[in-house]
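Each of the two complexes below includes chain A, the first together with chain B, the second together with chain C.
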Partner chain A sequence: MIVRGKHPGARQAAVALVLLAPTLVLFGVFMVWPAIDALRISLYNWTGFSPRPEWVGIRHFRDMFGATVWGMGVPFLLALAVALAAAGLLNWRSGRQTEPTLWQRRQAKWAWWPALLILCAWLAWWLYGTQDGDDFFRWCVRNNFKLMFVGGLFNFAFAFIFAAGLSMANFKAAKFYRTMIFFPSFISAVGVAILWQRVYDARGGLCNEMIQGVADLVSRAISVVHPIHLTIEPIEWLSSDNMFNSVIAAAIWSGVGGEMILLIAAIQRIPPTFYEAARVDGANERQVFVHITLPMIKEVILITLTLWVIGSLKVFGLVQAMGIDQDQTSSVVSTRQYELAFSNRDNIYQMGYATAMAVVLLVLIVIFALGLRLFKSEEELEF
Partner chain B sequence: MHWDPNILATVPEKIIRIANPFTFIAWFTIGVVILVAWDRTRLKILYAVKSLWVGFSILAMLWVIISSMGTSKDFVQVPEKALMQFFDYHNPATMTAMAVCLACCGGIVALAVMLARRPTGGEYSFYAGQGLLGALGLGALLAGAHFNGFDHWRENYIRAWTIARMGDYMINSVLISVGSVGLITLLSAMATYALTKLEFPGRDSMLYLFVASLAIPTQLILVPLFLMMRNWHVAALNFSFMDSRFGLIIIYAALSLPFTIFLLSGFFRSLPSELGEAAAIDGCGEFTTFSRIYFPLAAPGLTTAAIFNFIGIWNEYNFALVFITNPDLKTLPVGLYYLVVTQQYAAEWPALFAGIVILFVPTFLIFLILQRQIIAGLTLGSVKG
Partner chain C sequence: MRFFYQLSAIVIVTLLAVLGWDLSSRRVSHGNKELIIYAGMFGPGEPVQLLYSGPPAGLEPEHPFGAQAAGHYAALAAAWPEMATKVKQRFQAVFQAELPSPDSAASDIGALAEQYRQLDRRYIDRLVAAIGRKDRLQRLELFNAFAELHPQYDLHLIHIFEQLHPAYTVGLFEDFKRRHPQYAIEERWDGRWVLSTNRPRFLTGSDVPDLIAGSLAELRILFRENLALPLDRPLPEESDPVWRSKGILYSASADGGGVPVIDTFNNVALEACRYTINPRDVRENHHPYAAGTRIAYLWPGLIHINVIFYNRAHFRQIGLNPDSPPRTVDEFEDTCRKLLKAGIEPIAQDGESYLENWWLDLSNRMVGYDELLKSCSGYGPRFAGSNADKRYLDVAERLRRWRNEGFWMKQFSASKWPGAQRDFGAGKCTFLFTGTWLPAEIAQTRSYDPKVFDLSCFIFPGCPEGTGNPRAITASAQGHAITRQGRNHKGAAALLNYLSTYGAELEGTELHYISARKGVPLPPEMAALGPILAEAKPGDIITDGILGDLPMFTKFVLLESVAQFMPIRSDNLTPEEFCQTMERKAQELYAKYGKGM
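Up next is the complex of A and B:
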């Protein structure tokens, strides 16, 4: 920049401040401050309407995790502290060197793994191994995890297959397929929920009709040799047992498009010279995919995974609008929180406890987001 | 010899059954697989999976549209009959209408393509003709439906629009989304320019703060924001953040800013800094450089960000549910949600489906027309590390 005035740096800083001011005000007042305030509210018992909130300290968290976890948590916490300290020391030492090599940086990063594993073990033990604490909340977190892992697996598998297929040069009508796969991500969660409710309808829903249609075809084929008509017992897709699986299927349907588009964009951004060079060197299609395409889009894959993790942990609209069944088997953390804080089924609003749930959600998201960051490669690819 | 209106009634039932819309998707898939059997082996599977997926999506949407044109009775009791009745093969009027519709259905798409591509001369008239044909085809489909007793669509949509108040909700949704998207676009462009093209202490950590705040779940700030907003009202102006469109606009803007800045920062970085330096030599201040050079240059990225934000806010549901209780101010998704809740007591399926169509059509049109821009914006380095 051309130097003007006595203090060009100060001038730029002033301009930047003016340009940033509205954003910072909005961001601070409506995001940072409420997030900090949430930590405070989670330490109170508050209906939100009584004049004075009652200080309860960490009791909400103790209720949530149960005395057993709290007591057994101590060894876990000690182990975690040791692992974190070791990793921190290692990273600090590597950072102190003037120019740490790539290998050293990688090594330092791997030092975080024990801490992460201990944390995951604790989490798994709390979710699946204990009977104490808030059972219903644990059920909700388990549902979130189910959506995250099972839904994520299918979601990502489909997104990857679609993206890989659609970016093949000899794939015909790629644009049509791309549009049609992408458009469900543009429907509101409420719309998706209603549509799938209709699809799942036991009497005459699309799912059962399609199964019956296949049965008709099969029975028609069999009828060539022996007259028969197969009738399928209608499946109750929205019964308490099947409800959450159905929600996961709907979430996959509406989620694949967005991830596919991100992956396609990443694949299209790879310069064709890379492929040409590989072909000249005699690489076959599989080698090209494994050694060029995958490393080049690794960054975007990680972003996509992170977005899915965050999205699946805070999913609300789809589950709420699909309807919570009688046994509340399909509740997730956010719907339970909404129920406690704003829906007066019991005429008691538990703002404090609901916020404590959200704090746990935040911790989970941070753990998973940081865990995924460990996979990030150290080399910076510029292209 | 008398004229039999049901010419197709003489066709054996077997053939009609094979042409059943439900089995149609299976035939379609099989056909596609056979077509590409000449091609490479891997492609076959890809096509099959994708065709199944897309076929299901199309069928589901079709199902919604058809449901919005019948009566409750048709769909609660004998849905399959209703669908068969809609595509009544016995009725020559329907057959004609469907043929016309199928012949012309590309027209609507062509119209969208025309709007996106800005064609010239002869192409223009070709696309316009296609668009006209598409409109004709849709009309033919509606006419065919009309002959089959699916003449309730107008009534259903009017009921959804007026009695279920989708019209009012749509106005609210439009005001809120347009307002907040405008605000977001302007503010995030300013902020991203400052964060990427100006030098000042703490710049990188500020950008990092924005990126880190992406991890904050909306549920965390829902309750504190609710408690905070409830206390903020100006009695003299009769203004409150609760139950007001303005309050929701501000909230949405604040919540979307970090993601938008994250999306745009990569894009702004890809713009050459030499332009700003050249402008500085010519005597431009930082503000002029921003408004005259970087803002116009960033238009593609800003458009992409605006589209994403618009779709997100148009469909947003959690905050609108908590912060809006006044029925006059509800947005479309919330209105639809309450329609679902009340629907448990009064079966109003068709109005509900009409509501979905009303909710969905604007986003679908935006998507269809601006699809190119969305992809281009993503490819231009906006989503990167």
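Up next is the complex of A and C:
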């Protein structure tokens, strides 16, 4: 666009503003305002029906975390403030440099680590070190974290192994396996839940039938020398003790395909000349993998992990449809929120408290998503 | 920039057009009729929705007799010999075959022919013309003609029409609109989350449904917040003289007998539809009625009672009289032991659904509902501690004994709804403790072999050592509330009056529910409840129980404690620990929200 006049920059900005206005308005009305309003609602006691919500201030947050934890939050907050201030200062100084060195950029980024560690320590203390506050909510957060860390580890490991295997040049049926592994990602969360409920059914479900089938085979083999029949007591996969592990397995089954596809795309993007050059230089397979493949797909790995972290903290459909009830051992924050805000089964409508949970969930997501950004490389690789 | 302006103009015009269409679509589809907005708690395709709305558009059958109705053709031909040739021709046109001789067709041709003979000749002409024609639109035309020419069938009109036209079903709303052409109905089948779906409408006051279906417990929030009209209290702001002086439920019943509609419901239903105003409702929601007043906010539709269903076939198998179910908990225990000895799992039970009902009903029998309510509210004897009523521990110990003896089906802790229901229907377990909606749910899924599954029920057995009323039944009502913000109270009441007059029997016969209306026969599986319902006095009826009276206690104390006590899991509580946990959680609840919640 040709810009004329005394203040070409201002005019350009005005045009940009006009062009962006519809999007900004829609974003503001449908994204920013609800988020701000959610924060407001979390400070009220409200059924969602009455036009007269009751102002309770931060009571919901205090109820959630407990008075002791709330009180102990002050030293943590002070420490956090100091850490944040230090990190901010370092970053400000680094930002003032016209061309900061790689070392300075790294220093600025590492400065955020103490703040993150303080937050994580406070969270861990609240989760495992106290009995204060809303016990049910604490269980829910623990379950979210379990899905995030344990589920994330397995999900990523499987996705990475599948992606590496299916990217091998001499793998003939790669397309078939890729489709088969990716296929569960097409199924809706409710569909996955119903399918796995059948698989896990203690009375005649696929898992237990398979275990008994193996036992039958073993019995038959042993019976050659000594007559025996092994009967395995059915495992209660969906009992409270095992429920959440079963949910994690189902989540991995449905999530691994998507992650694998991203990793395959990243691996296949690496120019083959890099590998050829490395091999010419005498690098073995392990060295090629560690020094070429991994660094080249690091950005995509971070993206997949970020998506998993956000997804595991927001998870709802799968857990809800797998059949939770009043049991804290198998609930997550979103299902609890839904139960308190919308479930007419119990005739309890705690919109304010549920919204406070949503605010906490949002904060957790932001912390972990930003935390993952600290692993981002400073060097930009272009290929 | 020019392109940008053009694009913006196109977007704005399109948005305005969509908005204009949206705003006018209601006017286009309903014309000048008075609109009744109906919000149902069932989802599309569920039996109640089909009973009310009729067959979905586009899925209407083409022929009135359907594919398996040679007997109806034969009966029609036998009833009207002069039409026999035409009927046979029509049959041939539809099925490309000769009409089978009456002997090889249905066995009850005679009775059916007699029914056809009773019909008006003018209708028979229309029917015969219709039976060979492929037309998905003729169902309502035929029904309207049938209704017009046979006013004598009045109350049973739809039932008889469906008997004589086996492929056709008629929705109650369709019949209502025929009888009341001034009304149009906008149906919203929102499913179980009907209240949440409509919550923004209640808040903004726009497009609020005129009536909303649900149970008393589910709709309680509307009553608490004074968002529903009281049905048995005078409404001075209304124009109808009966409503102004006495209340909506005192209007004349739709069948024209002059009886006030309130007198057509049985006592259990009316009691179960009453909500007791809570002091908190008055304090926080400025409720206009005094605390303690019991007001009917729900127009009764169906009654659900907590009962133990049992498989009579198993009783026969172990040599017990299937007509005499256990009357006391000791007899119940003996029966369970006999069943276990015979290799039958006694109780079908899911690990999460309705587990608390065992504790609640056993406590009702042991200490009595009033005492239990006081304890749970925080004003009576405690579950544990120095002021404890030891009988709560007895209840917990008995339940633990039942579990340890294996009364509940194997792996019940891991069973999710409807696992227990499935095993019960398959004849694997003998008892299932649930609400009287079970036969309706079972009827939807499959037909059971009566040799292995012969269903009946009994109320929770009495506790000889307890002081509770052994005849007390926990009943919940399902019905409709008329919303205060709705724009067509008159239409809503007319529709409800119609539904309870003309739909009651259909809900009983076709869906296997217990109707709230007097005189409607009980479904056969629940016939044993007849005398109990007939003789029940207000003191025998516990409306919704603790779940309804103390929802916060139920959710945050009872259900959470029961989840750690009833199923088998690693952190399972002993009976003593269960009572202590109940007490601890109850005290936490009282500290947070106050007593009586």
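Note that in this section the second predicted complex is superposed on the first by the 351 of 383 C-alpha atoms of A that agree within 3 Å, B and C clash if a C-alpha of one lies under 4 Å from a C-alpha of the other, contacts with A are read in each partner's own complex, and residues count from 1 in each chain.
One rule holds in what follows: contacts are C-beta pairs under 8 Å (C-beta built on N, C-alpha and C of every residue); 3 or more make two chains touch, one makes a residue touch a chain.
Since we're looking at a predicted model, the values are computed, not measured.
Legend: residue contacts after superposition of the two complexes on their common chain; A:D216 is shown touching chain B, with no touch to chain C.
After overlaying the two complexes on the shared chain, residue contacts for A:D63 are found with chain C alone; chain B is out of touch.
Of the two partner chains placed by superposition, A:V280 touches none, neither chain B nor chain C. Legend: residue contacts after superposition of the two complexes on their common chain; A:I194 is shown touching chain B, with no touch to chain C. Touch counts on chain A: comparing chain C and chain B, the chain ahead is B.
When the two structures are aligned on the shared chain, A:D241 is found in touch with chain C, with no touch to chain B. Of the two partner chains, chain C is the only one touched by A:Q328; chain B is not.
Shared-chain residue A:I348: touches chain C; no touch with chain B.
Of the two partner chains, chain C is the only one that A:E54 touches; chain B does not reach it. Of the two partner chains, chain C is the only one touched by A:A202; chain B is not. Residues common to the contacts of chain A with chain B and with chain C across the two structures: 19, 22, 48, 201, 203, 323, 341-342. Of all residues in chain A, those touching chain C in their complex are 19, 22, 47-52, 54, 63, 136, 197, 200-203, 234, 236-242, 322-329, 341-342, 344-349. Residues of chain C touching chain A in their complex: 4, 8, 192-196, 199, 202-203, 214, 217-218, 220-222, 225, 227, 284-285, 351-353, 410-411, 413-417, 419, 423, 547-548, 551-552, 554-555, 559-560, 562-563, 567-570, 592.
Interface residues of chain A facing chain B in the complex, by the touch rule stated above, are 1-2, 4, 9, 11-13, 15-17, 19-20, 22-23, 26-27, 29-35, 37-38, 41, 48, 158, 161-162, 165, 168, 170-172, 177, 179-184, 186-191, 193-195, 198-199, 201, 203-206, 209-210, 212-214, 216-217, 253, 256, 261-262, 264-266, 268-269, 299-300, 303, 310, 313-314, 316-317, 320-321, 323, 333-334, 337-338, 341-342, 351, 354-355, 357-359, 361-362, 365-366, 369.
On the side of chain B, the complex with chain A involves touching residues 17, 20, 22-23, 25-26, 36, 39-40, 43, 46-47, 49-50, 53-54, 57-61, 63-64, 67, 75, 78-80, 187-188, 190-191, 193-195, 198-201, 203, 206, 210, 213-228, 250-251, 253-255, 257-258, 261, 276-277, 280-281, 285-287, 290, 311, 314-315, 317-318, 321-322, 332-333, 336-337, 340, 352-353, 356, 359-360, 363-364, 367-368, 371, 374-375, 378-379, 381, 383-385.
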